[in-house]
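Okay, so here's the structure we're looking at.
For reference, chains read A, B, C and D in written order, and residue numbers begin at 1 within each chain.
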Amino acid sequence: MSFNTFGKIFRFTTWGESHGPAIGCVIDGCPPNIPISEIDIQKDMDKRRPGQSKFTTQRKESDKVTILSGVFEGKTTGTPISIIIYNEDKKSRDYESIKNKFRPGHADYTYFKKYGIRDFRGGGRQSARETACRVAAGAVAKIVLKKTIGKKFNIVGAVTQLGLMSCDKLNWKNSEIRKNPFFCPDKKSVKLWEKYLLAVRKAGSSCGAVIELRASGIPVGLGAPIYSKLDTDIAAALMSINAVKGVNIGTGMNAAFLSGEENSDEIRKSSGKIKFKTNHAGGILGGISSGQDIVASFAVKPTSSILTSRETINKKGKNTKISVKGRHDPCVGIRAVPIGEAMISCVILDHLLMHRAQCS
Amino acid sequence: MSFNTFGKIFRFTTWGESHGPAIGCVIDGCPPNIPISEIDIQKDMDKRRPGQSKFTTQRKESDKVTILSGVFEGKTTGTPISIIIYNEDKKSRDYESIKNKFRPGHADYTYFKKYGIRDFRGGGRQSARETACRVAAGAVAKIVLKKTIGKKFNIVGAVTQLGLMSCDKLNWKNSEIRKNPFFCPDKKSVKLWEKYLLAVRKAGSSCGAVIELRASGIPVGLGAPIYSKLDTDIAAALMSINAVKGVNIGTGMNAAFLSGEENSDEIRKSSGKIKFKTNHAGGILGGISSGQDIVASFAVKPTSSILTSRETINKKGKNTKISVKGRHDPCVGIRAVPIGEAMISCVILDHLLMHRAQCS
Amino acid sequence: MSFNTFGKIFRFTTWGESHGPAIGCVIDGCPPNIPISEIDIQKDMDKRRPGQSKFTTQRKESDKVTILSGVFEGKTTGTPISIIIYNEDKKSRDYESIKNKFRPGHADYTYFKKYGIRDFRGGGRQSARETACRVAAGAVAKIVLKKTIGKKFNIVGAVTQLGLMSCDKLNWKNSEIRKNPFFCPDKKSVKLWEKYLLAVRKAGSSCGAVIELRASGIPVGLGAPIYSKLDTDIAAALMSINAVKGVNIGTGMNAAFLSGEENSDEIRKSSGKIKFKTNHAGGILGGISSGQDIVASFAVKPTSSILTSRETINKKGKNTKISVKGRHDPCVGIRAVPIGEAMISCVILDHLLMHRAQCS
Amino acid sequence: MSFNTFGKIFRFTTWGESHGPAIGCVIDGCPPNIPISEIDIQKDMDKRRPGQSKFTTQRKESDKVTILSGVFEGKTTGTPISIIIYNEDKKSRDYESIKNKFRPGHADYTYFKKYGIRDFRGGGRQSARETACRVAAGAVAKIVLKKTIGKKFNIVGAVTQLGLMSCDKLNWKNSEIRKNPFFCPDKKSVKLWEKYLLAVRKAGSSCGAVIELRASGIPVGLGAPIYSKLDTDIAAALMSINAVKGVNIGTGMNAAFLSGEENSDEIRKSSGKIKFKTNHAGGILGGISSGQDIVASFAVKPTSSILTSRETINKKGKNTKISVKGRHDPCVGIRAVPIGEAMISCVILDHLLMHRAQCS
């Protein structure tokens, strides 16, 4: 069983390999009559696009999206939206050196063992290139959410931890995030991060990152207990992103350290509005949105495509060594920001439609 | 849309409220001809059963399982296995005090807002009582896995962090876990934990916990990329458990702090066997099992059912206060150990069957 | 893979064997705040109940439904509704004679070959007893539909062909259907049918039947193209009923004989209402309801549990003979009427909720 | 909720409109290491291709398939297979005349009422052009089935009824089917059919058809009771095809006319093989394949795109008339043969994989 479809009512299916002719996605279940254009989607694509700074992969891809179906006279028709993105920068690389070796920390070994065959060119299907399709689907989800919920709706992501360097979340400003190549929300941390990451790159090494997502304007009541809770689906959505190893909702793993008094978010009504004093829960109680901001974070491991030689085996099971040459991405986590935003957008829209189905 | 079914090929559906006549589950997709009895399932149920120590809820439930279908002459028939557990200790409590108030940190408010109606007795459907059904389904999954994979297969869980108290994971011994009321794998920590938790209980407070799960003997190749990766499904499975706020696979959130060199698990062949030098990946690469132990952990928040008075609102939206009387559970995380074991067992079996379908 | 769940948003899962302790179903996805009681459901159960006339099986079952969850203070809560029906008349029968033989025309052989094990008592899971659960789920669906659509909504089924005997559909009166033991809508045919079926029964034989379902008051726009069209799902729903071999929508198989002129249902607007001149389409165009009555019919084969001796093989693959003694059901199709009504109700409700999700 | 995906383990998702830039499908869950090429798929495409005789639509489409992913060095990799077919002959038509009118018997009205928007060009998504994608998916399914089951496996379809003209099924020869433009299996009927259909065409009218499918070599044991029985899924698969109004399994609707003696297919063992004396069941008992040939048939209604003027309404709800000019297809049922073959192939493969998952 293979599972290249995400979502229950708003569903997208992705296809394509890193070095095949194209990649793409088919979005099914999108509400009709939503104005959507390639330009709208392209904006989000450009955030994820490689080759935009010296801190991310130098692969040159314009990631231009083309809509092949499901939009008529500028509006969605309720039928499947097929989006295609052609692979452009796929010829230059020589994969002979890794064709028969398994890169440690990559899925080379497990894909080969599972399927008995693998497209080794650029990682094939396991490549993070697949995430471009998620961003396209997420862009559509955001447009629908904005149309449905209105202006108060917003989703934003930022890198809050870059390897060993944290930032001061009290300084978080949405407006700062796009002004630096790290998606860092704290202006003061940018300089330090730049130095740090340059050093990591020079050393031929790599580092991990933590990305935090904040969704505001989400109505109370979204979530499908018990096995498709809103946080359950967010956890799945984020963990499905390449190289992600941990997911937190609100206080997350640190909830273990709190007392019951600290952790329970007290509720008050004031000026006719319901307010929570704190948001340890990350906006989700019992798997259902509470009306607070939804806050989730996830950790991306450092890429193991590093210049240092590493021990591994080859296809025949012989011991050997491997090291990556050429393009080298010191922190793959940075580019995970728009991907995380896209995934959480899809989950929230899916739950909005699910809620409508049962409870409207 | 409501979602009380878990799994894709090995699927279970749970039903029932904390204070209704019974709870239960229907397991669909179980392979036929597997010897299964109520006694086998009961063993796992007894691990989760409340009222077994002074550190967990004093609700008295025998949690006796009855199989109503799907097993004939001691063996599974491939048809749905219906399991029922009657609620016994449900009369004593007076819910008048919380009937019209929303407990902060609970799902009272969100359930009410979502559905416009809620069974307030003992939390109704949001109660952790539902997890008894997961344990029953997990017990069946484990029996099938043992029959299929053989003796080398094992799943074990333990509490590795109890509020502010950690244990030394280097001292982990499977045999110690069941010998203390905390599912603590490190003998040396038990005394300290006991003191600590007694203090928490006396203070009328509560604390969180971290549970770690280890599955060994899992064959290489399980996992359904891209959107039902093995780790994606484990993350969903664990995040769906009541009060869970974070999930890690292998090194998890801490992967952000590692360098690429540290994080990539080098591979060696020795004595004819493939070995990994480390297991930062938690046994999963690209969403597919590598043959290493699968390691996952999750954080359970402190229950907000504490003796201290907390601010909240009532059904009419008026400000009020609430405090819990009577039964009080200082660390709900402890009882999450068998639940975590059950959920990861179901995920692994589901993926074993999925893999068979596509790749056998 | 086993599949005991029906539906997408309004879903029910059935479990249980003919001669186990009980059978039951779990309904998930039911909208909240719908008034529902066991009495409401029982009314539909009683229509299907065996032993009500000399023309149906003499098994004595009260088919009393008990709701175990999902209903609180008389209303649905949006959580799973678990319904149980205990098997009462299960002791009397001796199954030794068919334990090791495969009844021709039954699923004995195929279940055994598929699973390597089968519960032979009364057909086990393959028994039509399972359909009691469908009727319970359908009763809930009808209540929700009535609450949502209003009084104009109605679903009715009738037997229009009993073996070789047809009835005159121009004489169809809903009020006649329940007045005779055949669910015959044409008063004039009843006497003849009675004679015919008595003769069939005396001969120790059996006959088939055609059941027609008519749903009125269905709003335009229900249906989920392309692979969950309204007629696609109705076809699946009806074909899943035991012994059904054919399904028609509207004119059905006879559409092959019509000309394009005859078959296209012309549309007119008169007195502010849209009317179709004819209804060959059975109320469905392109898989979407048109607002006309939805008309579907299905054929039930004659039971092969007949008194005549038939050739077959036993479990060891040896040739042998078999004949059924005791209880004998001359036309199982009669009792399929409430089952068909139930299934089409579930499909229509499911599509109503699906439509709400995407298009409301 | 929209549903453009078919299947459970072997799944395909189709997208595209009749007059958009392209149509296509994404096949997920295909077993790995199966040799597949565009040439293999093209063979099946060419059977369905329009413009091949004067009896089918004159639209000129080469229906050339391009594989964009999932195949590496000539073999499937187990990842999604994306297939694209460009629309070529889409410019010539003027749709102004039907832009604002609803063709009776078409889905124009229901699509517009459901979605509030429709792509009117050539029927948009409702066009039978979508079925080209089914044929592509079916071609892949057949290749996998042949690789898995071996040479004895075969699927063939034929037209057995053309409007009022039947053929003699006792004369059925597989080798005749492709030799005439009607997919007629009975050589003797061809001449008569030709005359008949020419007359229908000259009259500007259209007629329906019945297509029969026969699958041989199918192993015993395929089927997923209760709600994904093999016949349930075949019924859904066939009913989902444009213009289909009825589906029969084996004797089908005519089972109503048989006696229990006639209908039960007796079983014999001879020369070490299990044989059934007859095949009224169409190779399926209790939803599970019996090892006999699987036989299913379906009726296609006459197209309502006829030259005769028909009454209808326009978008504003005003009464008007409509008649189709230009291209005219006297019997759309003819081209349904390869589509039916494709759909049943996909169902059988899906069930083969499902069976493997649970019972291997």
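The working rule: a residue touches a chain if its C-beta (ideal position, glycine included) is under 8 Å from a C-beta of that chain, and two chains touch if they have at least 3 such contacts.
All values derive from a computational prediction rather than experimental measurement.
K.L.:
Among A-D, B-D or A-B, where does the C-D interface recur, judging by over half of the contact pairs matching in residue number?
P.N.:
A-B
K.L.:
Using the touch rule from the top, work out which pair, B-C or A-C, shares more C-beta pairs.
P.N.:
More contacting C-beta pairs are found at B-C.
K.L.:
Just how far, in Å, is the C-alpha centre of subunit C from the one of subunit A?
P.N.:
Roughly 46 Å separates the two chain centres.
K.L.:
Give, as an integer number of Å, the spacing between the C-alpha centres of subunit C and subunit B.
P.N.:
From the centre of subunit B to the centre of subunit C is 39 Å.
K.L.:
Where in subunit C do residues touch two or more of the other chains?
P.N.:
1-5, 9, 14, 29-30, 32, 78-79, 114-116, 125, 225, 353-354, 357-359
K.L.:
Name, in rising order, each residue of subunit D that touches subunit C in their complex.
P.N.:
1-6, 8-9, 14, 102-107, 109-111, 113-116, 125-126, 130, 161, 163-164, 200, 205-210, 220-229, 231-236, 238-240, 242, 245-269, 274, 276-277, 280-282, 284-291, 299-306, 308, 310-313, 317-319, 333, 354-355, 357-359
K.L.:
Please give the residue numbers of subunit A that touch subunit D in the complex, ascending.
P.N.:
On the subunit A side, the touching residues are 1-5, 9, 11, 13-17, 20-24, 26, 28-30, 32-33, 68-70, 72, 75-82, 84, 114-119, 124-125, 353, 357.
K.L.:
Sort out for me which residues of subunit B touch subunit D in the complex.
P.N.:
9, 29-32, 78-79, 225, 353-354, 356-360
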